[in-house]
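Chain nomenclature is as follows: A, B, C and D, assigned in order of appearance, with residue numbering initiated at 1 for each chain independently.
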Amino acid sequence: MRLGMIGLGKMGGNMAARLREKGHEVVGYDVTSDQRDVDSLADLVARLEAPRVVWVMVPAGDPTARTVAELGELLGEGDLVVEGGNTHYVDDRTRAETLAAKGIGYLDVGVSGGVWGRQNGYGIMVGGDAGQVEQARPLFESLTPDEGGGFVHSGAVGAGHFVKMVHNGIEYGMMQSFAEGFELMAASGIVDDVPGTFESWREGTVVRSWLLDLLSRALEEDPELAELRGYAQDSGEGRWTVQAAVDHAVPAPAITAALFARFASRQDDSPAMKVVSALRNQFGGHAVTRSDEDNPSA
Amino acid sequence: MRLGMIGLGKMGGNMAARLREKGHEVVGYDVTSDQRDVDSLADLVARLEAPRVVWVMVPAGDPTARTVAELGELLGEGDLVVEGGNTHYVDDRTRAETLAAKGIGYLDVGVSGGVWGRQNGYGIMVGGDAGQVEQARPLFESLTPDEGGGFVHSGAVGAGHFVKMVHNGIEYGMMQSFAEGFELMAASGIVDDVPGTFESWREGTVVRSWLLDLLSRALEEDPELAELRGYAQDSGEGRWTVQAAVDHAVPAPAITAALFARFASRQDDSPAMKVVSALRNQFGGHAVTRSDEDNPSA
Amino acid sequence: MRLGMIGLGKMGGNMAARLREKGHEVVGYDVTSDQRDVDSLADLVARLEAPRVVWVMVPAGDPTARTVAELGELLGEGDLVVEGGNTHYVDDRTRAETLAAKGIGYLDVGVSGGVWGRQNGYGIMVGGDAGQVEQARPLFESLTPDEGGGFVHSGAVGAGHFVKMVHNGIEYGMMQSFAEGFELMAASGIVDDVPGTFESWREGTVVRSWLLDLLSRALEEDPELAELRGYAQDSGEGRWTVQAAVDHAVPAPAITAALFARFASRQDDSPAMKVVSALRNQFGGHAVTRSDEDNPSA
Amino acid sequence: MRLGMIGLGKMGGNMAARLREKGHEVVGYDVTSDQRDVDSLADLVARLEAPRVVWVMVPAGDPTARTVAELGELLGEGDLVVEGGNTHYVDDRTRAETLAAKGIGYLDVGVSGGVWGRQNGYGIMVGGDAGQVEQARPLFESLTPDEGGGFVHSGAVGAGHFVKMVHNGIEYGMMQSFAEGFELMAASGIVDDVPGTFESWREGTVVRSWLLDLLSRALEEDPELAELRGYAQDSGEGRWTVQAAVDHAVPAPAITAALFARFASRQDDSPAMKVVSALRNQFGGHAVTRSDEDNPSA
């Protein structure tokens, strides 16, 4: 089918390519990319025929909000916006209602698979109206893996981004688990071959997984990860998962631990640990480390 | 090759079967099983020819300790004990030294794969001397998956059980991550199809993994896990992982959270939360729940 | 000075009493209490002379929002609203701006001390304009402890409720710490006199604190807390503290652990632990506990 | 009464001074201190009359073990060793039994109060036989605060050090709670007066405590703790508390979080976070920070 794809970065660009390989006609637009087929959203809409399907794959937050708002001006009755970014699920309902007032459909879609999705297919999680899901189904079928699976219509508007958020929260916890295991093996002085151990776990074990495949791949390139800083960004979904857990009174200690470990990794110095150090000095006369001293254990 | 297998339970029995399918001659012994080929350890040793290989696959702790000690009396120079149970790695060195004094070899082997290993192959993690590893290599090759992988010689004596312990710690963290995600989706009121969401994640996503395959299988049988109590045992490796992390000053918050969640699941009532309740009552006059009242939120 | 006090419950009623003891004229109003001096907010406002000071001490959320909104209609230029409830700090700014448009002042005040405050004095944390703080200072001085201290003007509007929120977050962490210590001593089989141990800690030790005094008092009445359920409510500030920590990328693992422990205490059964149990059964053939079975460890 | 005091450092030296002020005759010995009254343990024992009381206040671990062993050679029937260091409770029983074989008594005593104890009195927690406790009671009464309290006989041998360990675990959790609160207030941009806020909490609030007094004192000297590194040591009891919790299947997430935060504070770079960074790069093409780059958020 013919569709518009807005956003041709690492995710949108690869998805457009995969859709074209599967025979769809993609009209691509991006603010900056020289891969774009049209020079404006208006051009893009003009190149499609009603009922139009436009997939939005731009950074979450303001860029997505602006794009969806602009599409609300350009599209009409029966057209469909598929919002595939990492949007906070709480923003979906308002967007859907605004568009619905003009007869425009809205699906919120979580997309997983990273840069490997073009080749392996993507995991696609959709929230919205069943009829609108049917309208876009040919796209979902082409984006998901060739061997089947990878698709769920998880609920009403918001449910696609909600389950993608939870997916990413789980991902945080899994990554943290592997990370703790790595550090413990490296610190133990007992394990001679840490990369080989991870590699061996890829078959036969309980922890076999795609993340383990990737970790093994990373360790093949840099067996001690010596070239990396222990510095981890977080991108929104982890925070939202913790906040949703708090909102719903769900204990989520492992996912939260993973998020806090990333926060701590980005601090040059921990204000909290200054307090602990100050208190130990106050009551016990324990030595403190002054800010102009090197880390004594380094 | 010919070997003795001591312990014919869920693990040892399946491993013996797999080894036989691959052409090995297994002389099996078990305290209770009617599958046993001999009636005593002495018989088993008598049925093997030097240099003998005896694989011990009995419950960790006392049963393993007694079996290895008895083998130390029965075996001789050049024979090899392969200890495949979930032994605490700190116990391996003494055992190896005791046996070495008599010229008997000792390999500590972590085995992963559960009841599926007979069919899929096992993950095998070995600690010990390289020459002894060669002696048992035909067994390792037959136990690991047909498609290759699944084997590591991770270090000296103790390293096999150490990495198996870490493997299980990681497994705790991964299971906890999926568990938190399940609970959050179920509590949210947003997700109409929780089992279908997990099923969809099996392809294309970042969290795809064998544990996810198993979770999806469990949800197919019981979509809300309504037939289960939220009650989780722990079997030693999780505790040892946390203790090793503490010993080596390695922060392991996600794995520890997983362990503590299991502890809490086994309490009918939380003594700690009685304290919190008592304190809230003391300072704020907040209502408490008496022990003869039903849980007010239930 | 003369003031209006809206809300005559455990907090407001005691505060009104303390203010009266210190010589202030309190005109009290409450939706239900028979202690009230007037029958409506309009009556209350009529009984005060400009510039009026009205202290709002009603439940956080809708009751507070409605009361402040109604006061916005009744008060005028130069009057002052002191909002002393457990309001989420993010709501203060809008309220202050709405009132400021009419020339009405607004202070957000966190009040700590619980039911003991009438006798011991309260901790008072104020956010807002310095001039308005002066306007209400006689009240703050009478509410804080006789021996001095207990007062801070912590910043602009919102800062009073923010630091009260953080205070309560810290309180969660402290209570959880004592709670874990209690449970560990009780479980150890080593400590013959748990209540006596807590009692002894009240003098000379590093952990001496008011919460410890209260815990010791509770244990005097019920040495094993046998009459209580391990069931702990949470009242908003703990959740907001965690959410603020997440918003500001501050690792807050101890406070979050305290919050999650309360969440877990209110569950009859843990959905998350059902997942762990189901997975253990899937891969290891481990026994599960059916929902119609008693807790096997109970 | 007359006693021997072995170890005249920050703790033992202050305790000896306090005991002397209360009228006891202290014969002091230390390996290095020029404050010592005798030059050897043998001299010290010779200066006491049977039944002798010797208080051991030397660093935990080997120094304490050696001292107690040597005293076992020098003392005799009816004498008493009071071991007041931060000994791991699991070591007490063996020591007591070894001494008991010679008729020598043994009390394990946890001492809290830090460098302030000389002036304020100490918290004293004793494990051992009731008769032996009576033998040393005059010392306990002089060491505890003048206003009473501060003493518990918590159980049989080992119970004194066990409850001191738990005390320190609770202390870890309380310090971490204050530390998280400090960091959150500092990061919020909302609180103008963080030191003043802590100072105000010292009266009237729920979190008032000695640790808060000390924190307020530290912030008076250095309002942003700018002169300190966020670097916190741990001294054994925190680790032992977590290990005891794991041994007894007691969830202790807040105390454990406090311990792990100290571990992390001592790392120049987090191996675990290298793994997270590597994985994010692998699946998402996310940028990594190379080890020769500065922390991008610094």
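The definition used in the following text is that a residue touches a chain if its C-beta (ideal position, glycine included) is under 8 Å from a C-beta of that chain, and two chains touch if they have at least 3 such contacts.
What you see is a predicted model; the values in this text were computed from it and never measured.
Participant: Enumerate, in label order, the chains that touch subunit B and subunit C alike.
Facilitator: A, D
Participant: Find the chain most remote from subunit B, comparing centres computed as mean CA coordinates.
Facilitator: C
Participant: Could you put a whole-Å number on the gap between the CA centroids of subunit C and subunit D?
Facilitator: About 32 Å, centre to centre.
Participant: Can you check how far apart subunit A and subunit D are, centre to centre, with Cα atoms defining each centre and the answer in Å?
Facilitator: Here the centre of subunit D sits 45 Å away from the centre of subunit A.
Participant: Which integer distance in Å separates the CA centroid of subunit A from that of subunit C?
Facilitator: 37
Participant: Can you list every residue of subunit C that touches 2 or more other chains, as numbers and ranges?
Facilitator: 113-114, 176, 178, 180, 183, 187, 206, 210-211, 249-253, 256-258, 260-261, 264, 266, 270, 272, 283
Participant: Mind pulling up the subunit D residues that touch subunit C in the complex?
Facilitator: Per the stated touch rule, the residues are 89, 112-114, 117, 120-125, 144-145, 147-156, 158-159, 162-163, 166-174, 176-178, 180-181, 183-185, 187-188, 190-193, 196-197, 199-212, 241, 244-245, 248-258, 260-261.
Participant: Hey, which residues of subunit A end up touching subunit D in the complex?
Facilitator: Touching subunit D: residues 10, 114-116, 175-176, 178-180, 182-183, 186-187, 210-211, 214-215, 217-219, 222, 225-233, 253, 258, 261-262, 264-286, 288-291, 293, 295-298 of subunit A.
Participant: Show which residues of subunit A lie in contact with subunit C when the two form their complex.
Facilitator: That would be residues 206, 234, 239, 242-243, 246-247, 249-253, 256-257, 259-261, 263-264, 266, 270, 272, 283 of subunit A.
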